[in-house]
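Below you'll find a set of structures to go through.
Both of the next two complexes hold chain A, though its partner changes from chain B to chain C.
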Partner chain A sequence: MSAKQYISDVVNAVSSLLTGMKRTGYYFFHHKEIITEEYPDNRATLKMAERFKGEVVMPHDENNEHRCTGCTACELACPNGTIKVVTKFDITPEGKKKKAIDKLVYHLELCTLCNLCIESCPSDAIIMAQTFEHSVFNRAELTKVLNKPGSKIMEGVE
Partner chain B sequence: MYRETEIVTDMGNDLVINVGPQHPATHGVLHLVITLNGETIKKVEPHLGYIHRSIEKMCESLTYRQFIYVTSRMDYLSAHINNHACALCIEKGLGLEIPPRAQAIRVLMDELTRIASHELWWGAMAMDLGAFTPFFHAFRERETITDIMEETCGARLTMNYMVPGGVMQDLHPSFQQKVKDFLVLYKRKIHEYDEMVTGNVIFQNRMKNVGYLSPEDAISYGVTGPSARGSGVKCDIRKLYPYEIYDKLQFDEVLETGGDSFARYMVRLREMNESIKIIEQLIDNIPEGDFQAKTKAVLKLPKGEFYTRVETARGELGVYIVSEGGTTPYRIKFRSPGFSNLSVLDHIARGSKLGDLVAMMGTLDLVIPDIDR
Partner chain C sequence: MWSFSNIANQLHYWLNDHFSPTLTLIIEMVLAGVAVIGLFAGLGLVLVIMERKVSAWIQLRLGPNRVGPKGMLQSLADTFKLLLKEGMTPSGADKIMFNVAPFIAMIVAMLLLAPIAFAKDFQLWDLNIGVLYVSAISSVSVISILMAGWSSNNKYSLMGAMRSGAQIVSYELSAGLSVLAVIVMTGSLQVSDIIHSQADGWWIFKGHIPMFIAFVTFIIAVTAETNRAPFDLAEAESELTAGFHTEYSGMKFALFFLAEYVNVFIVCALGATLFLGGWMPFHIGNWEGFNHVMDYIPSSVWFFGKTFFLIWLIMWFRWTFPRLRIDQLLNLEWKYLLPISMVNLLLVTLMAILKWHF
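So, the complex of A and B:
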């Protein structure tokens, strides 16, 4: 290697390193372009996307009524056995037997949040909630009953 | 790939070391048994199975709608494209026509995933070689894409957005604007990649003439994707066997002829620009209409065998389904790109130095859950 070649190599190397350092220096003085979210401190303002799949919940209206008919479509659609529908028979005022849910048991610890149960539900009884802080000390707390105690099916939902 | 370790009676000057399964230079639980002579590599023996979850067997007990979500867990960096491959194979069996809007959405999502995957690869590979800053720069752009995914699909990594017949939900109303914002951001920031890493003299010295892979060897080892295109092998499934609307789009197959690590690096960087081109063509021309074809509640494939392949960010992914006519597949086989790309590592690493192995592994873009499944 000639001396000329050697010197030009050194100059090129130093200039390439300086180009990279210039980028670092740029961000050192441009704090506004830093996009880091300081997560536990920004809890009050943190907005999750509206379709974010956090956990399955069953919305209830002000009369403690839900839309679930107990058809077990979600249970059949689930790939991991996350949902178990326990049904009972209600007696209607006319004296007829009517199928209704006793419990809709949801195992969050098994759930992969694939959205297949929500897609399969014919009466839009279950939706995805945007919560994501699911850590608990006891594993049993992750098994949830989605319908509230004493709740019943909404009028007009078949 | 695993074989009984030969009984060595005369070690000579050889030294056998283990890289992984828990090692900072490997991206997952990859275990390499390396035989060294001094600092020169004599043999690289990958030992697999540390993250084997028997996905193929699991799929046999799930229905055709259900098993798609499992494939997000194979190559988690191109989860969309894995789901796409499975959905295409099921649609082939059912003979379904996909609405044009669903096709456009699928292609858009695939290309966004490809850019996100290549960006993570770029950051992680620079980190392997000792540069920590690029990782954050890569994640800045990738974060924009994951935000777009989160808004439309509801998840950031394992989306499960593709269903047989189309996509699960329609695009979010803000999708187009967000993608356009991303395109602006990307074009404003992409030159930083070259300034920080590509032009850097230390990086070039570590990449050039390292891990040479000839085109013949690339074909005979079954290497696909950007790793093979770095050796000049034309293997882009999007061009060779177009699926969805790829045959109507204008984009180039990126080819480099160097065959070394630097060529493979350049292929991926240039491929991101091609994906940007595809997104630009589609983003204003998403057809109106249904996002999902009408399908039966319970899918049953006719008796027979079905095979489709797609181009993931790492290479050719093949899905092979054998159906007996029931609601679950009789057998599923995934031809994953990572497995074939790993098999060539021993060939290209022989005779080079141990320090260069990290550069070779980095440019092969190995995702370990994809290799093991």
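So, the complex of A and C:
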């Protein structure tokens, strides 16, 4: 090792250590950067990250209509059988039979929140909700029916 | 003005009036011992909460904030927990050595407090070889670590202890050489002389760049000597679980833990004494007015301020830098720190002979 190399090693080492210390020193004095959420205390104002995945839900509009066509793409996409689509046949005004969902059963206790069902849905009927307080006393409460009772499919969604 | 030395002197006269000189000496020794133990307990509580808060803020966390106001009683609660826990001795361990090791660690830390000047004229023992005494006694601490590691009868403990031995023995060299830089300048090993030589400016300012390099090498070397990250190979939580104190629990573990923090305090106090003037207020050459203003701040405040600044610096290191590997650690010492501090000592000697310093 040449003397020049030795000196430049020392200088580089010191300068890189100082770079790290500058960053942590900045954090030490700037407490507004603190990212800790004091969860149970700030429950009312808690804002989850945009991409946080809590559970699968099916949004309904004010007329109690959803966008699910009952195509079972989500059921097929699910790697561990979390979603079960129970279909029925509606009679349209023209007298034709049309496939629709009776129930979309979702087992939260099986779900790994992998997001594959949401990506496979062709009509964006299901989304990930940001709720996370899922603990219950009875396991049966984790089996949910996503479509609300009496809901029907939105106009124009095929 | 209020000062520690007045209280100590008044106590001394009062004791002399009421008791025989021998009894006075014994009472004073007992009082000093109690004061040291009290200081240890206080330091343990303060430094642990300080470490946890500093680490939290550096890592963008809040740190302990539930026990007491702003979490300040957290370390007190932890101490009570440790006091109530059972101090177990493993059946395969060498019982006597296992149980004695934590006390040796504590006693070494206690002995090291003797020559440290906490305030103006407030010192347990101003012996004429103070700095030599500190560097001699501090090398005994490796024995307690080796004892703990060997007697635990645990491969991880032994590995941690051996690493720690290699580390402390090698880093003592550069720590000693950087201390020598100050000794060369002052020409005395006595702590009070070293502090008085800084009345017109601290050595870190008076000694130009070589003194600053000595200060940096000293801080690096003592960080390694006290087994703190980035040199905490002896403990290495991730690979050795806790190194030499894996098998310790309850108060025996707490003694090791406390000894680590007290050692940090002592090396920082020594660094403050040698390079930052100990209890000496911040003086600039012959600026009488400025120096008088600085004198109004009590000397104990200066001492503890400087010491805690250095402790904070070492904590800042700990929570910034990743841990070194054992070969990197020894490379750093033998290939970089030792040659640099040797050349630096030569420069300082030259400066001292030619009177280039202020």
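By our rule, the second predicted complex is superposed on the first by the 122 of 158 C-alpha atoms of A that agree within 3 Å, B and C clash if a C-alpha of one lies under 4 Å from a C-alpha of the other, contacts with A are read in each partner's own complex, and residues count from 1 in each chain.
What we mean here is this: a residue touches a chain if its C-beta (ideal position, glycine included) is under 8 Å from a C-beta of that chain, and two chains touch if they have at least 3 such contacts.
Predicted model, so just to flag it, every value in this text is computed and none were measured.
Chemist: Quick one: chain B or chain C, who's touching more of chain A?
Modeler: Result: the larger residue contact count on chain A belongs to B.
Chemist: Quick one: is A:A140 in contact with chain B, with chain C, with both, or with neither? Answer first, second, both or neither.
Modeler: Neither partner.
Chemist: Between chain B (first) and chain C (second), which does A:T24 come into contact with in this model arrangement: first, second, both, or neither?
Modeler: Both partners, chain B and chain C.
Chemist: Please indicate which partner A:A44 is in contact with in the superposed arrangement: first for chain B, second for chain C, both, or neither.
Modeler: A:A44 sits against neither chain B nor chain C.
Chemist: Check whether A:I35 is in contact with chain B, with chain C, with both or with neither, and answer first, second, both or neither.
Modeler: Both chain B and chain C are touched by A:I35.
Chemist: Is A:A77 touching the first partner chain B, the second partner chain C, both, or neither of them?
Modeler: first
Chemist: In the overlay, answer first, second, both or neither for which of chain B and chain C A:N115 touches.
Modeler: first
Chemist: Report, in rising order, the residues of chain A that make contact with chain B in one complex and with chain C in the other.
Modeler: Looking at chain A, the two contact sets intersect at 17, 20, 23-24, 35.
Chemist: Would you mind writing out the residues of chain B in touch with chain A in their complex?
Modeler: By the definition above, chain B touches chain A via 62, 65-67, 69-70, 133, 140, 143, 147, 150-155, 158, 160, 163, 168-169, 172, 192, 195-197, 199-202, 297.
Chemist: Can you list the residues on chain A that touch chain C in the complex?
Modeler: Residues in contact with chain C: 10, 17, 20-21, 23-25, 27-28, 31, 33-36, 38.
Chemist: In the complex formed with chain B, which residues of chain A make contact?
Modeler: Touch list, chain A to chain B: 12-13, 16-17, 19-20, 22-24, 35, 49-53, 77-79, 112-116, 119-120, 128.
Chemist: Please name which positions on chain C make contact with chain A in the complex.
Modeler: 54, 57-62, 316-317, 319-321, 336, 340
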